[in-house]
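Look for chain A in each of the two complexes below; its partner is chain B in the first and chain C in the second.
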Partner chain A sequence: MKESIVPAAPMAHHTTPSGEIYPGALNLEPVRAAHQVLHETRDTITADGNTAAALATLQMWRCILFAGFPITPSTKYIETVAAHISQQVGGKKRVKLMEAEHAVADYLVGAAAACRDLIFPTATSSVGLDHMTETTRSLGASGLGNVLLIDVYRATANFPLCIEGDPSDTLAHRDDGFIQIACRGKQQIYDTVIQSPCLGMHHDVMTPVMPGYYGIKDSHRNARLVVEPDREIHAFQDRWIKPCPFPGLVNGDTAFGNCVTSRHFQGFKVSQKRRMDRVLDVLPQISADFERQFGRPGLAFFDAVGFGDDGAADFAVVSLGPDFGTFEAVREEYAKRTRLKVAGIAMRLLTPFPRDAVRKRLERTKAVLVVNQAHHQGRGHLTLDVADALADLTTPPRIVSVFAGIGGADVSEITWEQMLDHGRGALEGRALPPWAVFHEGRQL
Partner chain B sequence: MSGYKEIALRDSCFRPGSTLCPGCMESIALQNVGRVSDNGTKTIFTIGTSCAEVSSLAFPNVVAWGRGEGSPDDFAKSFSIIHNVFESAPTLAEAARDVSDMLLEHGALERPIQVIAASGDGGALSIGLRSLLHTIYRQSRITMIVLVNEIFANTGFQYSPATTPFAETSTTPVGAAQMGNPRLPLDYIHLSIAAGAGLVAQVSPAHGKLFVKTIERALACPTTAVVFVPAPCISGWKFDDGETVHLAELGAQCGTYPAFVWEQGKGGSVKDCALEAAERPAVEEFLGLQRRFHHMVQKDPQSGKFAARPGREADVERLKAWTQSNVERLYRLAELR
Partner chain C sequence: MKAPAQAMDLQDIIRTSVLEVRGDGKAGGGLVLAFQSLASLMLRDDDMHVQEWPFFSSARRGANIRSFLRISRRPIQAACEVTRPRMAVLMDEGAARSVDFAQGVPPGGTFVFNTRHTPEECARHYHLSGRVVTVPGDDIGTKHLKHAIGNVSLYIAAARAIGGFGVEQMVDAFLETLKKRRIPAAILERNRAALLASAESIREGIFDEAGPDDHPLQEWSGYGDLPVGAQTPLRLSQSNRTADYAPSGFRLRFEDPATACTGCAHCITNCPEGIIRFVPDTERGLLVTGVDIGTFCKLCGECIAVCPEHLFKEVPFEDRWEEVLSS
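Up next is the complex of A and B:
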């Protein structure tokens, strides 16, 4: 073959299982140097959840391109990013406004594959996430852990329409292949977003992350937020995020694609499951490092309250999201009144479900009340996960399943007390229905 | 601009190993696009689900993409390709373009990159019309190749918005109540111009030199360039082996998909297709070579020419009237600046 019209310019390259990589083609130091600092010092501000998530991504030097499409209640994320970038004179970060959520997901694939050492974030919600699904399911298996898809929980398109926050969207996407982490409170949102790429881009994991928080309750309500200096965030992330060992489109001679025939298909799917399982080992390490550096709790499988030193409890609640805070408010008084040891866990890591950790936490309880906040065809997403976690105990605690807060409804103190009374029936040996629905202090 | 012969000797990034049907125009088109893009600039290719994709990226079979026998030492010859869902090729390309440009702007990447996207007409004009038009609208500097075989060939030859009227497809069958496709094709050329494309063309490798030069102009276009490639499908159009290039040329000359090249600010022209029907090959000759039009024409054993089947004269006249309006439309579009 005749040589190309331009003289050859040799460049070192080496082989990887995913194609050839040209390490010298990319040097991200200028990207780091171009980052405009948002916070020089640790500052305390007042912010809503979307702002907390937006600030966290804006402070990362690896986030330079923000694709988005508006959908309530996640819209303020991209608005906040756009507002900050519009103020950065001479800044090189860009907002990319797409025509639909599906386009955002496709764009994330192209961008994340182009450069696997940058982080590509977006935020969506509800049917926006559903609209992305054709591509998120591919993304979940792609090995592109540099995608950060923030899901602001909102009921999916059930009838009637609801723009409030319930986690039916994220729970409907349990099998998309993303690591799913639930947050409650602005600080936890901010801290989780900072840690998420460290987990997703870890070389053992390489799986995109979907941090999430409740729409309206957390996305729109303001609270105190401690923001860290950009340089500290960079130092933390740089300890965990190492250059991707596999080529991207820009620095590679490679092929990415969905089209895999059956024999190799099995191998890819096994690899996907193994990488997801590694999350259970890597997450605690990142969490511990985060706590060492910033003095706040890092990522967790769940938040636990009320368990004694011996780990025992008469009665434990399993739930997630900000309504768990209302349970915490009534827990002590309820325990005093009923003379029961009442404990609870608020799930943080939804996918992969930390089965062993949940079993260990609940193995010394007599009954477990699982509070589901999303529509489910059976006893509830969380109930099934908890039941699976406890299944191989010799004498598993009895599981009581309830639904409350569907459609983002508040789960009031009286509702919590009614649910606890209902669940207490398990300790008394009463027959209970497979599931029950509670709202505004009554069983419906 | 490079010489036609020089381009013909370059390394194509579309290499042996595809499982496309023998005689597939897509294979010829991609080989040529591959040669033109071997121009000293690294190439990223994005591809939506289509015949061209499932037949060329079906790991662990031979991946029919890449330049040279191994990975080249010259970074400019390195080649990357990504496939995602049907409608995604323009958006993937836009993302790769943006990331490359931003890295260049930062000084993190020294060498420029060219980005080419490929879809079928099902992927670009049906399920992916949104992505195609919005990528054009955002003026992303990519070259979009739309391989127009007028059907969803990959899924079994179903109707697409580019299907010629009266053509039989697996979802517009010929029966007592319906004579094949009842719809007129989507005016994708006008749509692309209206959305803001920098270059819009319709040309196949049957017009070899024009095709290669058009791809070269497309790669140099400062905004989105869209090249629709009429791609006779041996299995879906049901024609005889060896007729692909002839059919592509005949279809262009008789007016069903005239060769057309247009650039923003410069206007364009229709090539090798006269405005007057009398000066063009008869549409019946084009129809007669394809069994998807078996219900429309038959060969006259005396003259050896194709003519309307008895009872189908009015339909053939309607098809010819559409063909004439198609040619006139392109002549008018060529005048746009």
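Up next is the complex of A and C:
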């Protein structure tokens, strides 16, 4: 007797421009249920920057696979993750130590494409990020906002090698397509990592995020860190992370990275730019919600100090990273001594560069001192962005460009004072060189 | 001995401004752990703000490293290195051969040593004015941890010098740092014993032995002539004084009273620093005559391992301080 074949009822699905999606094919509730809580309550601990970043990802129920490859100064991130996961009895989370950074990036593509509702984090640094480049460019364009690539800033591949904090690695990857957010201090690192997937996976954005912090100066600096209960982090992220409207490799009939002709390539890039631009609208919403829930400032375009209520300042510094703290430490005394209103902004959002917000903040400033900390062929990466932001003003402030702290070099109080003196020349109408480098209170 | 100087009140500095501490030691010696534990201890006080971080390069175990610590009851903004510490800590006396560990410390500062020497001997040898605290950490480490590691003791001595916490809290904070590193329980107990023994072995005094020209802040003299493209001679290590990487308390010795050297040249080819001395020899081809241990021998042990006649040995060695001997 012939057996009759009864076809199974087709699974509910619908069509998207990216292919068919089968929403019922993946059930993430068991993943959520398998999460082992790290912190039941709000706790205060001592931690360095790498530990802060690792704890933030460990507390997310959506992070279950941690691919990584060690490189100084980011190694402690994956070590911390591995140490915690190895302690979990019956835990389902896994660490994948890969052969090299390129393999890590490829792993992130595969995993993030397989399940677009989980988050796939890693941390790298310097040449590690460079080794990933072929794939990070693809990731940046992929719409895989569930990739979280933490960059621990270190001078990027060059002679001589240097293992300390210098943002040349992240600045060399401005065009990879990642949202790039700079942090300073443990709390900002922890808070930024928690908020990053909310931004990257937002349906208007769909772009991977590269939060970063300075190697050694922040990755290895211990201070007090407030960690939130896992359930609070989950509640916050669940408000922002909705099921991905596009199919993944497991729940869809789709493919990534097809070859297209010039008739379409440009169109894809326009879409990529528009998604990136929407970060400027979405980020403040996430930030406000974070502050409401946790009582600390959320993501920001920049941190500002010293501007009056009218937004005016004689002289403003633009920089990023922990050395800005040393500027803050000398600012008031310097302002008193020189009888100038001295203000400053420490950039947080590097890509997309918040040009409108920067222009608005600096439009009532007479001179701007941009302190670059990465090697650049000209006046400095940050200077070019600031100059672009201020270009539309009728009477833009004069921009003075300096370099300090390249390769993680110490930027002492006296160095800040020398740079401020140099920049003050712009207020006095002095001719200044297109760029100058400062160290230990001297112009080199 | 000059009249005692005044010592600064470190708790007052913490209350009114920022106490800055700098430590010098060698990679692998536990300086970073000691400073991390000090940070953890201070953060037990909810009103305290702390910053702690190390400075090291890619150099190997034995290279000089530094640790920095800022403590205050006010939020700390400065992120730059500490150049004028009110308290200087020396984990390994070998580290002081390469740097002035007391540089920039003002008169009345506090100096903490892991050493067998007395506070008075340290003050005279290093020309210090202020409070000098010593603890024989390596000996305590050897007794309780089977390893001449002085960071346990140095931590207790530094914590005692800063003040504000009892011995029990100091012990707990250190063990907590070790637990984060997943140190087994049995080792934790040995550390507890070492910590308690250290607390009993601290000596201190106030001295005025620094002259006006001692420990000045050096003005940075620029980068000098840097080679184009970072291209350097292959033997870079010979400008790095690699002898400073050697563990303190030991030295290499070559002895060949019976001219047993066979001229096999294994020591010459294996020495990474090229410091084996030899002369041509008609019978053996070459004859090893000695080794230049003064500047570049980092006690890697290659020559000891490969010499078929066992002519190289690692022997105990103790720096002799002339001042101490004369007194």
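Keep this in mind: the second predicted complex is superposed on the first by the 434 of 444 C-alpha atoms of A that agree within 3 Å, B and C clash if a C-alpha of one lies under 4 Å from a C-alpha of the other, contacts with A are read in each partner's own complex, and residues count from 1 in each chain.
The rule is short, and it goes like this: a residue touches a chain if its C-beta (ideal position, glycine included) is under 8 Å from a C-beta of that chain, and two chains touch if they have at least 3 such contacts.
For clarity, every value in this text was computed on a predicted model and none was experimentally measured.
Enquirer: Evaluate whether chain B and chain C can sit on chain A together after superposition, giving fit or clash.
Expert: Partners fit side by side after overlay.
Enquirer: Have a look at where A:Glu328 lands relative to chain B and chain C in the superposition and call it first, second, both or neither.
Expert: The second partner, chain C, only.
Enquirer: Look at A:Ser412 in the shared chain and tell me whether it touches chain B only, chain C only, both, or neither; answer first, second, both or neither.
Expert: second
Enquirer: Could you look at A:Ile119 and tell me whether it touches chain B, chain C, both or neither (first, second, both, neither)?
Expert: neither
Enquirer: When the two structures are overlaid on chain A, which partner does A:Ala25 contact: first (chain B), second (chain C), both, or neither?
Expert: Only chain B is touched by A:Ala25; chain C is not.
Enquirer: Could you figure out whether chain B or chain C reaches more residues of chain A?
Expert: After superposing on chain A, more of chain A is contacted by B.
Enquirer: Is A:Ala316 contacted by the first partner chain B, the second partner chain C, both or neither?
Expert: In the superposed model, A:Ala316 contacts neither chain B nor chain C.
Enquirer: When the shared chain A is used to line up the two structures, what angle, as a multiple of 10 degrees, is there at the CA centre of chain A toward chain B and chain C?
Expert: 100
Enquirer: Look at A:His220 in the shared chain and tell me whether it touches chain B only, chain C only, both, or neither; answer first, second, both or neither.
Expert: second
Enquirer: Touch test for A:Val342: chain B only (first), chain C only (second), both, or neither?
Expert: neither
Enquirer: Rounded to the nearest angstrom, what is the minimum C-alpha distance from chain B to chain C in the superposition?
Expert: Distance of closest C-alpha approach: 27 Å.
Enquirer: Which chain A residues lie in the overlap of the chain B contact set and the chain C contact set?
Expert: none
Enquirer: Within the complex, which stretch of chain B touches chain A?
Expert: Contact set of chain B toward chain A: 2, 6, 9-11, 38-41, 44, 46, 49, 53-54, 57-61, 63, 65-66, 68, 71-85, 87-88, 91-96, 98-100, 102-103, 105-111, 113, 130-131, 134.
Enquirer: For chain A, which residues are in contact with chain B within the complex?
Expert: Chain A residues touching chain B: 1-2, 4-6, 8-11, 13, 15, 19-20, 22, 25-31, 34, 64-65, 67, 92, 94, 96, 98-100, 102-103, 106-111, 113-115, 118, 134-135, 138, 247-250, 252-261, 263-264.
Enquirer: What residues of chain C sit close enough to touch chain A in their complex?
Expert: It is residues 36, 39-40, 43, 46, 49-55, 57-58, 76-81, 83, 182, 219-220, 222-223, 229-231 of chain C that touch chain A.
Enquirer: Sort out for me which residues of chain A touch chain C in the complex.
Expert: 44, 46, 48, 72, 83, 159-161, 163, 216-217, 220-224, 322-326, 328-329, 410-413, 415, 439-442, 444
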